[in-house]
Amino acid sequence: MNTRTKDDIAAAIARDIAGEHPDGAYVNLGIGQPTLVADHLPDGSGVVLHTENGMLAMGPAAHGDDIDPDLINAGKIPVTELPGAAYFHQADSFAMMRGGHLDVCVLGAFQVSAGGDLANWHTGAPDAIPAVGGAMDLAIGAKRVWVMMTLFDKQGTPKLVPTCTYPLTGVGCIERVYTDLATFAVGPDGVRVLEVHGIDVDGLVERMAPLELHLDRVVGSGTGR
Amino acid sequence: MNTRTKDDIAAAIARDIAGEHPDGAYVNLGIGQPTLVADHLPDGSGVVLHTENGMLAMGPAAHGDDIDPDLINAGKIPVTELPGAAYFHQADSFAMMRGGHLDVCVLGAFQVSAGGDLANWHTGAPDAIPAVGGAMDLAIGAKRVWVMMTLFDKQGTPKLVPTCTYPLTGVGCIERVYTDLATFAVGPDGVRVLEVHGIDVDGLVERMAPLELHLDRVVGSGTGR
Amino acid sequence: MTARICTGYDEAVAGTADGSTVLVGGFGMAGMPVELVDALVRQGAADLTIVSNNAGNGDTGLAALLATGRVRKIVCSFPRQTDSWVFDDLYRSGRIELEVVPQGNLAERLRAAGAGIGAFYSPTAVGTPLAEGKEVREIDGRTYLLEYPIHGDLALVKAHVADRMGNLVYRRTARNFGPVMATAASTVAVQVDRVVDAGALDPEAVITPGVYVDRIVPAAQEAAA
Amino acid sequence: MTARICTGYDEAVAGTADGSTVLVGGFGMAGMPVELVDALVRQGAADLTIVSNNAGNGDTGLAALLATGRVRKIVCSFPRQTDSWVFDDLYRSGRIELEVVPQGNLAERLRAAGAGIGAFYSPTAVGTPLAEGKEVREIDGRTYLLEYPIHGDLALVKAHVADRMGNLVYRRTARNFGPVMATAASTVAVQVDRVVDAGALDPEAVITPGVYVDRIVPAAQEAAA
């Protein structure tokens, strides 16, 4: 089976960001896997990374002597500063996000619904300690919010679902879902399969049931095209 | 008659600011006569002047080569910068004011009511072009808002009145009124005469009628004390 | 999108549609983007709503724009000045609509537009004629008015220096409305004294991060053109 | 009042009353005022409400304060971290109350407190469990929640350099919550790497103007004491 690795998915997102924003995009990459996208941005893409703890033009992770405890990303990982960087406080940083000034935000997810609802902050387990961070602000803030996740959980249950069963992070906020097996557009028109990878469309439809999939625009290895 | 000049009034306000804020006060001086207060602040008072167009530690008016068109006060007069100055934008400047972080604001007035209402932005004349500037924000912003004005208009009518007849700038916002003939405390307890100058108390009571004056704490030349 | 360095002022205001709301920076002449306003006069868009602290000085800049008769409405805090004869005449003859907004509310409404805030409760103007028609609410013992954001289609801003990423710094009190207006408009055009390379501005001292800026005109380049 | 340079951390937190709300800066350890929090542990005030982005790391600083059992409630966006065992234990055993607030709403509610805004409508958290009990309003076709200010009795902030007027600059992403918390508390205590004379900081680059700062502890002075 020829499924995509996290790196493949990150590369696809990076390609789409660069393709849709030829003059450079302002992008926020959520904690965890979405940060991999930064490693795949093409040279000269002009993409500027925002980290919601207060910085634009964030550079790659810092190592060795470059580590400065005052310079971290939203995941509290030491990072670096690129030429043209700017620092700002939390209210200004989230004003920038909430006001819709960032082009793309890429987040991880527990679940995404067909209509674009996002659940990524709480499993709903009664003993879990709730912690939201900036997730709810990011979910509704950027012009376009994309999700990067595996399509199925460890039990084989789809994470793209008719309706989220986990507590929501945001309503109708997700536009696209990048996964190991397929890429989807979600929203008011429902779920449209954009690409498949290492799975054929019939297999995908079967495993995703009862979720209804629009298949009129599928491309990718799974279709043989 | 030994009434106070504008300079005398400004000196009295400066003395009171310094007396009530021995460690230095943050003060906004309104356009026009209140700016005279700056000239009377005692050396070492530590008073820091705010100008609502975006500056703290504003210095005296600029002259000659010191004039910089980018450095003006709220009256659009060229001013100077003192050591320890800070610049900020309009939203931050009015947040500072509205949030109650300034100790004293001194404003001019058309009328002040016994309860502390202020009218200083509009005469109510039907052909007047309304223009409020920062007056309404200043009126309700500082911890203590004081007025500096002549007690009577050119027709001899008192400007400290039972109820303002001019359109209001702010409700119940004024605490003290400094005039050429007397200084008053105003507010929920009504009008209390604090000092008189060049007018005796009986004369003051008569000219201010029907406004009721509390006289239990009067000092000054008019009483002979 | 990353800011574009324009070859002239006309390019920076190109495409402004009839009926646009245009935010114009400046407090008096400090921070007034005169050359951009002149370009808007040449560009010819009509039926404009202008949002600016004042309503023009003398016969140039904003006053010249008003004189074209292409401004339907002006939203400002202080239209009436000694040299605002162009506006005064239009207003008195009923040829321009005026919305007077207290200066702090004007700044905060622009900030709200940029920060994705739907509306906010301000204590400024409570009990005054400018409260007419506004929703009133008591919160924690204090009375507030509900104020809505002011969005612009275009903002014209004057800053001091831009870097090639669009980061801006201002000069002294000329900063005034620039930073908030730059957050509040769909297209932001900025005139600057000069443009420097990315990395030449101190990232700690950037006032307007490049994410807010669309078009930049350096004065030096204009002079050389 | 002008800020006071304190001789030590204990002086900076002296007088903190039982039942106080204390705002604690920092995002993870960046900008965390560890020495001021340690002083608050020694000071002994109980029944505290702490407002901070996280709920303590390891066993020092905020975690040490929680471990004293003198914190009744914590308001934060992201309590759960790999090293938040002190908080986790208190929470699971029902010995601390938790209010989870999305990070952007937390910053904006602090800003509102400092800016004199009575309440504001935020689009963040609409349709999520964190919207429970909040007033909902549709404005211009979008749904918002009504959010109230968060005022502090005391703010503990870490900055980089202060001048003798109390003006502050920060370092990189350690700026985070410091500037908004400094506006939102009745008493603001700041620890800095060093104090310089008035005039030594660039007035264009001051992030927190001195008007917001009450008490300053320079690390160098503490080391020398």
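Order of writing sets the chain letters: A, B, C and D. Residues in each chain are counted from 1.
Criterion: a contact is a pair of C-beta atoms (placed from the backbone, for glycine too) under 8 Å apart; a residue touches a chain by one contact, two chains touch by 3 or more.
Note that this is a predicted model, so its numbers are computed, not measured.
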- Message: Between A-C and B-C, which chain pair is linked by the larger number of C-beta contacts?
- Response: B-C
- Cα-centroid distance, subunit B relative to subunit D, in whole angstrom: 35
- Task: Using mean C-alpha positions as chain centres, tell me how far subunit A is from subunit B in Å, no decimals.
- Result: 56
- Note on the structure: Here the gap between subunit B and subunit C, centre to centre from mean Cα coordinates and rounded to Å, is 30
- Residue numbers in subunit B touching 2 or more other chains? 81, 87-88, 94-95, 97-98, 141
- What residues in subunit D touch two or more of the other chains? 108, 111, 115-117, 122-123, 170-172, 203-204, 207
- Query: Got a list of which chains touch which?
  - Reply: A-C, A-D, B-C, B-D, C-D
- Task: Using the touch definition up top, name the residues of subunit C that touch subunit A in the complex.
- Result: 1-2, 4, 111, 113-117, 163-165, 167, 183, 197-199, 201, 203-204, 206, 209-212
- Note on the structure: subunit D partner, complex, touching residues on subunit B are 21, 23-26, 46, 48, 50, 56-57, 81-88, 94-103, 141
- Task: Quick one: which bits of subunit C touch subunit B in the complex? Just the residue numbers, please.
- Result: 27-31, 53, 77-80, 88, 91-92, 98, 100-108, 110-111, 122-130, 170-180, 207
- Item | Residues of subunit B that touch subunit C when the two form their complex | 51-55, 68-73, 76, 81, 87-91, 93-95, 97-98, 117, 122, 127, 129-137, 140-141, 167-171
- Item | subunit D - residues contacting subunit C, complex | 108, 112, 115-123, 137, 139-140, 142, 144, 148, 169-172, 202-205, 207
